[in-house]
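Handing you this structure, nothing more for now.
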Amino acid sequence: MPEVAVRLVGVSKRFGTTVAVDHLDLEIARGEFFAILGPSGCGKTTTLRIVAGLEQPTAGEVQVGGNVVTNLPPYRRNIGMVFQDYALFPHMTVVNNIAFGLRMKGWPASRIESRVKALLDLIRLPHIGDRFPNQLSGGQQQRVALARALAPEPAVLLLDEPLSNLDLKLRQEMRLEIRRIQRELGVTTIFVTHDQGEALSLSDRVMVMREGRVSQVGSPVELYEHPGNSWVASFLGDANLFRGALRSDSGQTLLTTESGLAFRLPAGQHAEMTNATATVAIRPESVRLFAEDADIDGQTGSTFVGYVENFAYVGAGTRYVVRFEKAPSQEVLVDISEPGVPWRDGTRVPGCFPVERWIIRDDCSTWVERTQSIARRRVALGLSPAARLELLAEPPHRLELLKS
Amino acid sequence: MHGVTRALTDALSYLLFRNRFALAAKLALPLAVIVALFAAPLVFLLRVSFWEYTPTGLVPAFSARNYVYFLSTPVYRATMLQSIELALLVSLVCLVLGYPLALILTRVRMKYGFVLVFVLITPLFVSVVVRTFGWLVLLERQGLVNAALMSLGLIDRPLVLVNNMLGVSLGLVNVALVFMVIPIVAALAGVPRSLNEAAQTLGANRFSAWWYVTWPLSAPGVLAGFILVFAITLSAFVQPRILGGAAFFVIPIQIWRQVSGVLNWPLGAAMGFSLLCVSFAISYAAYSLYRYAFPDVARPVERQR
Amino acid sequence: MREPWPRRLERYLINAYVLFICAFIMAPILVVVLSSFQYGQYLAYPIERYSLRWYTEALFRPEWRNALTQSLRLAVQTTVYATVAGILAGLALHYHDFRGKQALSVGFLSPLLMPELLTGLALLFYFANFGISGTYTALLLGHVLLALPYVIRLVLTALPRVSRNAEEAAMTLGANEFVTMMKITLPLISPAIRGGAVFAFMVSYNNVLLSLFLSTPRVTTLPVKIYQHVEFVADPTIAAVSTIFLILTFALMVALERTVKLEVMPVVEEYRK
């Protein structure tokens, strides 16, 4: 049974008329690597700062390690934080930066010294202790900031877009480094980012935020393969979204768009929503394209014919924009991972949407909100923490079922 | 030990940052200085300027007699004119000397530029009284300048360089020059060199590029420098007193005489405020002139406010 | 390639002009130092015989020594009080938002705009009214008032450049607000504080006019004594005293040379606007 390290209950934060965080409920288990993901301005930093105590919530309660800390200043919360610009103290050497938190705790000098040394080893920079921050590279500063935050053995480590100031290569290296250190120490970590690759590759669970609210919480796999709504689907990776009317047809569910396209969806599911309008999505890498003269009648799924409108070679594969022959106003994104560029502009290509690869079906945002309010209500009902965690990790469509 | 410091700093944190009166706690000391040592004394001075002076003592009253007396006495009027004349002269000399200097500081790359900067700012660090004494040594009848000119055979008898407007002006220009240069440098630093170059690519020669582009854009600095130097000179006391000799009068000297000699505080106070009003009036006149001469430069400055 | 002659002429003219200005500014200071080595009783040129006798004269006369120690004591105390008060005011204006903040910051700098003559006059009457005129305290209070705006202005220009993140990082590491201020904020603005302290010291050490209003024969400062002496007679003693007085000024400037080179230009630009 996982122990809860951080819990937010109904936390809101307003700045004047802006609602930065809106009734946020959140539980993070001890030792978990938890990512907060969302577009710019959605309230990620604010959430993190509320946990840190750098911002007072307008409403709600914050708990760290089982204690209510809502009204405690940051220096009484036992947290460590890495800032986007690292915020290393420019007038102190690396050693003094790392030792700062330990001095604040009143550790004796000898213990501080050995702890700092251990941390410098942990970040694999044993020889830079006497340098000043401006004598370090970006990646080194990043590691020192991490070591400094970890030094006082915080209950929670907070990271606010720690990698966004690094170049691509270094960023990937530091991702692994952060993950390694986090595993080694087992420290509960909240990681704010607007880079979905970072969130998906690093974390145990991800919370997708939108306009101060939770859009979905779940493991990376759940989020990518079972996005709770079309917004999450298109925010996490790319998605082809189609909107149309649902119809039941001899045990199969069909969706017909206004432009005249028809898609075959997985049988059985959501049959109850027949005759409603819905949006469905499919990932570009799930769509298949065939040679011009291939026979596509045997494929399971919805077949189509289109013209290559545009393509971009990205090394690992090629991305195509294909315009439907039947519905020239609509396009579909397709990722092909074959080597080379099999099709060029203007080529006529047959393709297929495999029936099992459709990922979501939702109608409108009220549906999403409904699942959220259900989740919140369950939390409020006072389930055991573990049950709550499980519940919050649930993909929303299962919540929908739970309700009925 | 750690616990004690912790408790102490926690208490100080509470006092200065965490309680409702944190702002008041920080402001108490500096605000006390400004209110009790600046605002209150000036209000009191204003009040005193309306008191009456009798041979037996000061009478707290509310009469404009001191002002009327000051403005209607020919000696004081002449002194006021002399003060204004001196301040205008010094301001103009500072402008003529200071503008090229500001141009050189901002536009010319010099090997020993920092020496010039250093020299320019020494007056900010060296007491007025020492420099004024230096001028006296230079300009006296047997001073260095006269001695040098005589030994070179350029003159037969010493020139009268001190105890007149010339000596006082030299001493004042020496002190005030830096206050003219600084605002002009600041204004010029805000004028990108590329503007001047653009003017030259459009066919302006170097003079007309300066006249049509750089000069108008540096005018706010000139105005600021002028007002500053004028105010400093108008209320200068040490230089007129030492370099002007016993017969050279400006208002600050008259004030000093009232205050230390006759103990006529009310009249001294009235003179002080009159001087302040003159300073404001001339500053406003300079500002109006500036607005009239550079309407296009003056307008955006106003919009920013 | 040689420069064309108009350019060269221009360069010569500029150099000549700069030299002229430097000479004009430095002449009165240098001439004082030069005259102090004169042997004779009167200032006469060319100097025929050099000696240090006026220095011994100046140093052995208790009135000069007392005035110098009083000046130093006053300047040091002014520096301490003005710096502390200035930092507090800067912190208040930087960290708090309140109505009338703009007006208050103008108010804090207003002593710079007021002619010293009026400030001196006002303080003279005011202190006399409270019966503390002519005391050392009165002199000290006046000097603190004059020095305070310089400190406030420098601190206020430096504070916005301190990264808020660094302060918050310190707090997440367990430092309370006061410790954060002492270990992070103030060290990061230390150049401005040092500059402000130097200005405060110089304002007090060099002040004549205000001190003239507030001093008595017993409570006085060296510049005031120099002034009173020069008003009466200019002789080599006073040149020696002035030179001794200048030594500290230049010592301070040299000690701060690095700071001065890096920071005085911006400081100068800030100085009176």
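We call the chains A, B and C, going by the order they appear; numbering starts again at 1 in every chain.
Please note the rule applied: a contact is a pair of C-beta atoms (placed from the backbone, for glycine too) under 8 Å apart; a residue touches a chain by one contact, two chains touch by 3 or more.
Everything quoted here is computed from the prediction, not taken from an experiment.
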Item to check | Per Cα centroids, the chain farthest from chain C | outcome: A
Checklist entry - Is the C-beta contact count larger for A-C or for B-C? => result B-C
Checklist outcome for this item: Taking the mean of all protein C-alpha atoms as the centre, the chain whose own C-alpha mean lies closest is C
Next on the checklist: So the centre of each chain is just the mean of its C-alpha atoms; given that, what is the distance between chain A and chain B in Å?
Outcome noted: 63
Item to check | Geometric centre distance via CA averages, chain C-chain A, whole Å | outcome: 58
Checklist outcome for this item: Cα centroid separation, chain B vs chain C, in Å, comes to 16
Checklist entry - Tell me, which residues of chain B touch at least two other chains? => result 18
Item to check | Where chain C touches two or more other chains at once, by residue number | outcome: 176-177, 179
Checklist outcome for this item: Touching at least 2 other chains, the residues of chain A are 73
Checklist entry - Can you name the residues of chain C that touch chain A in the complex? => result 163, 165-166, 168-177, 179, 183-184, 187-188
Checklist outcome for this item: Per the touch rule above, chain A residues touching chain C in the complex are 52-54, 73-75, 77, 79-81, 83-85, 87-91, 100-101, 104-105, 148-149, 151-152, 158
Checklist outcome for this item: Residue positions on chain C within touch of chain B in the complex are 14, 17-18, 21-22, 24-32, 35, 42-46, 84-86, 88-89, 91-92, 95-96, 98, 107-108, 110-111, 114-119, 121-126, 129, 141-142, 144-145, 148, 152, 176-179, 181, 202, 205-209, 212-213, 223, 226-227, 230-231, 234, 238-239, 242, 245-246, 249, 252-253, 260-261, 264-265, 268-269, 271-273
Checklist outcome for this item: chain C partner, complex, touching residues on chain B are 9-10, 12-13, 16-18, 22-23, 26-31, 33-34, 37-42, 44-45, 48, 97, 100-101, 104, 108, 110, 114-138, 140, 142-144, 147-148, 151, 171, 174, 177-179, 182-183, 185-186, 189, 224, 228, 231-232, 234-235, 237-238, 241-242, 252, 255, 259, 265, 268-269, 272-273, 275-276, 279
